[in-house]
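Chain nomenclature is as follows: A, B and C, assigned in order of appearance, with residue numbering initiated at 1 for each chain independently.
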Amino acid sequence: MVDLSLARGLDQAPAVPAVELQGIARRFARRWVLRGISIRVQPGEAVGLMGRNGSGKTTLLRIISTALSATRGTGRIYGHDLLNDGAGVRELVGVLGHAAGLYEDLTAMENLRFALRMAGRVADRDQIRQALVTVRLGHEENERVRNFSAGMRRRLGLARLLMRPPQLLLLDEPYAAFDADGVDLVNDFVRETVRAGGAALISTHDLARALPVVTRVIRIVDGVAVDGPPPVADGEDDEASPLRDLRTVEGGLR
Amino acid sequence: MSLSSEFARARAIAWKDLTAERRTKANFNAVLFFTALILLLFGFALGPDQQALREAAAGVLWLTVLFGGVLSFNRSYEMELEGGALEALLLYPGDRRALFVGKLIANLAFLVLIEVILVPVAAILYDLPLLSGGGFFGVLLLGTIGFVTLGTFYAAMASRVRAREVLLPLLLFPMLVPLLLSAVEATKSLLVGNLMGDASSWVRLLVVFDVIFLVATFFAFEYVIEE
Amino acid sequence: MNASIERDYPLTPRWLTLFGWGALAFLLLSQVLGVLTSPPDRDMGDLQKIMYVHVPSAFMSLIGYAVIFVFGILYLVKRDLRYDLLAASAAQVGAVFAAATLVTGSIWARPTWNVWWTWDARLTSMAVLFLMYVGYLVLRAFTEDEIRRARWSAAIAGLGFINSGIVYMSVKWWRTIHQMQSTPGTIDPAYVRGFRMNIIAFLFVFAYFVISRYRVARVVRDVEARIEERALAPNAENVHA
């Protein structure tokens, strides 16, 4: 279904941007959360999305995933129009959101089996087990989600993504409720996606955790996108560090 | 995606809803006892004259089914709303109408199971000759199909706004007037014997109603579910 | 700011004012003519005169739902919110006419059959239609997002429109079986002209109300759009409009 080899041919063909947004604005009743976001993300990039609470990070990710339609503006995901070709976009995008969208009264195994079936795949027991083992839920496969902790739920949500690697990974606060081991799982998955020629957008407060993987930072300030400087993982150049950048943003607003 | 894989997705939804319901049974038990209670209360209101009760039984039975159903339809979407499951469902590639068909099947199974217990109770309380013919069960199924079709459709909207408990019956019940009339009249003539009424023409109306709204809701669902 | 809004959006343009007065004059003329030229009914006497309000109102509530349906479809095809505003305007006006039909029907039923309500096929169907109007308007009131509201309204209007025919058929059938009294289906030619004139007059009034209602809705939206523009301007001060 998702042909990753297409995206791997990155160096030969002129790349279609993974994300290309023009003037995306979104209003909730009277409040404008986004006021005109124009950004471009190329295949092979992992972009950190930063901004204060309520700055519209989640709204932006929902619009890119077609969960929400923009009040204004247009956008394309690998050339698929957000408005007219939602089905094409949904083929390529994988989301790990605030709420995992799991069913409390189904077991971990059943939740994943359901997800595979809904994606039009054959529910392969071994594949599901493999994904559960990867996220360290191998022993809980027959337990109901109702009894899971927040971190376990996040892991199960991640397992669902692992079974169906997307070309565009949208992670909304992916490190929340994760321990160090979970953070590594998320970052490994981001690295794998990017290495395969995909792209990732990661919204987070906690840029330190995303530092090992992000190649660029975009900040949302007052509903518009502002380019951040390229992050430096090893911290040798403190001037260009997004952490320093974060401090100025938090201090400099209003 | 092919038609067969779309149907597999609808089946996955129905399986998921029914499995979750089977595990807790909370909703099923609540609706079951609520409907049984309504049957009893109508008996107090209309009885104890045996003849009067039998005359009114068809109408009472259908109203009870309507009240019970309207309670369960919103619940079927509430399960998707807690934990953001609906959003996840909408992000799967493929036809979103599979979601409607799956919910429809699950709601139908749910309500038919309620009726399997409810109808014998009604037969005992209202002294109905249930076994006099299979036609009654056909009418019951036809009426339930039309009811569940519209109920599943309107609950997709009502469950996502404030005041959902009031809004669903307000939207749904006026639409059900033809269904209620034909189901009650057909049931009456089959169970009690109605010289003036002919069950077959009412049954035909039920079939027409079911077909029209199965088609109409199927095509309108896309507009209702998208965000 | 208020002054500039008034200058840009005259609430009632000249042609609309003239149209409104014309409609009112024609309505009065039709009512007077209808009442004066018709002979007293054989059974009902002067009670029949209420029909010059009842029948045209019933027509308007039927036309109103058809208008909602058509604009709903137009919205779904063109995705232009103006069609949704037109549909909503027609719904508000149509609901009022449906209510008027029920009230005049009830007033008519009292001396005729000695009851305030009769399960007559047409009156009963009208009650159902009125409830469908109410459902449509209540759903709109509860839905905040305007795009979602427009889509849902169109879907509801579509199903309601299909249903209205089935409702009338089934209620009529139900009545026939129970052999109850019904309003006469045929009308003496002496009354026909009065009915026709009044239906046309009501049509003008209906159009005037819908257009006025729509214009107000447009002004509200246009003002909101201006606030939008300001909020979206690059160096806007006030994001929250």
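Convention: contacts are C-beta pairs under 8 Å (C-beta built on N, C-alpha and C of every residue); 3 or more make two chains touch, one makes a residue touch a chain.
Please read all numbers here as calculations on a predicted model, not as lab measurements.
Undergrad: So if I look at the partners of chain A and the partners of chain B, which chains show up in both lists?
TA: C
Undergrad: Looking at B-C and A-C, which one has the bigger number of contacting C-beta pairs?
TA: Spelling it out, more C-beta pairs touch across B-C than across the other pair.
Undergrad: Give, as an integer number of Å, the spacing between the C-alpha centres of chain B and chain A.
TA: About 40 Å, centre to centre.
Undergrad: Taking each chain's centre as the mean position of its Cα atoms, how many Å separate chain B from chain C?
TA: Centre-to-centre distance between chain B and chain C: 32 Å.
Undergrad: Hey, how far is the Cα centre of chain A from the one of chain C, in Å?
TA: 49
Undergrad: If I count partner chains per residue in chain B, which residues reach a count of at least 2?
TA: Chain B, residues with two or more chain partners: 226-227.
Undergrad: For chain A, write out the residues touching at least two other chains, lowest number first.
TA: 69, in rising order.
Undergrad: Mind listing the chain C positions that touch chain B in their complex?
TA: Against chain B, chain C makes touches at 76, 128, 131-132, 134-135, 138-139, 142-143, 148, 151-152, 154-156, 158-160, 162-163, 166-167, 169-171, 173-174, 177-179.
Undergrad: Report the residues of chain B in contact with chain A in the complex, numbered from low to high.
TA: 1, 5, 8-9, 11-13, 15-16, 19-20, 23-24, 79, 82-94, 226-227
Undergrad: Considering only the defined contacts, which chain C positions touch chain A in the complex?
TA: Interface residues on the chain C side: 144-145, 147, 228, 231-232, 234, 236, 239-241.
Undergrad: Would you tell me which residues of chain A are touching chain B in their complex?
TA: Chain A reaches chain B through residues 1, 62, 65-69, 86-87, 90-91, 93, 95, 97-106, 110, 114-115, 117-120, 144.
Undergrad: Which residues, counting only chain B, touch chain C once they are in their complex?
TA: Of all residues in chain B, those touching chain C are 150, 153, 157, 161-163, 167, 170-171, 173-175, 177-178, 181-182, 185, 196-197, 201, 205, 208-209, 212-213, 216-217, 220, 223-224, 226-227.
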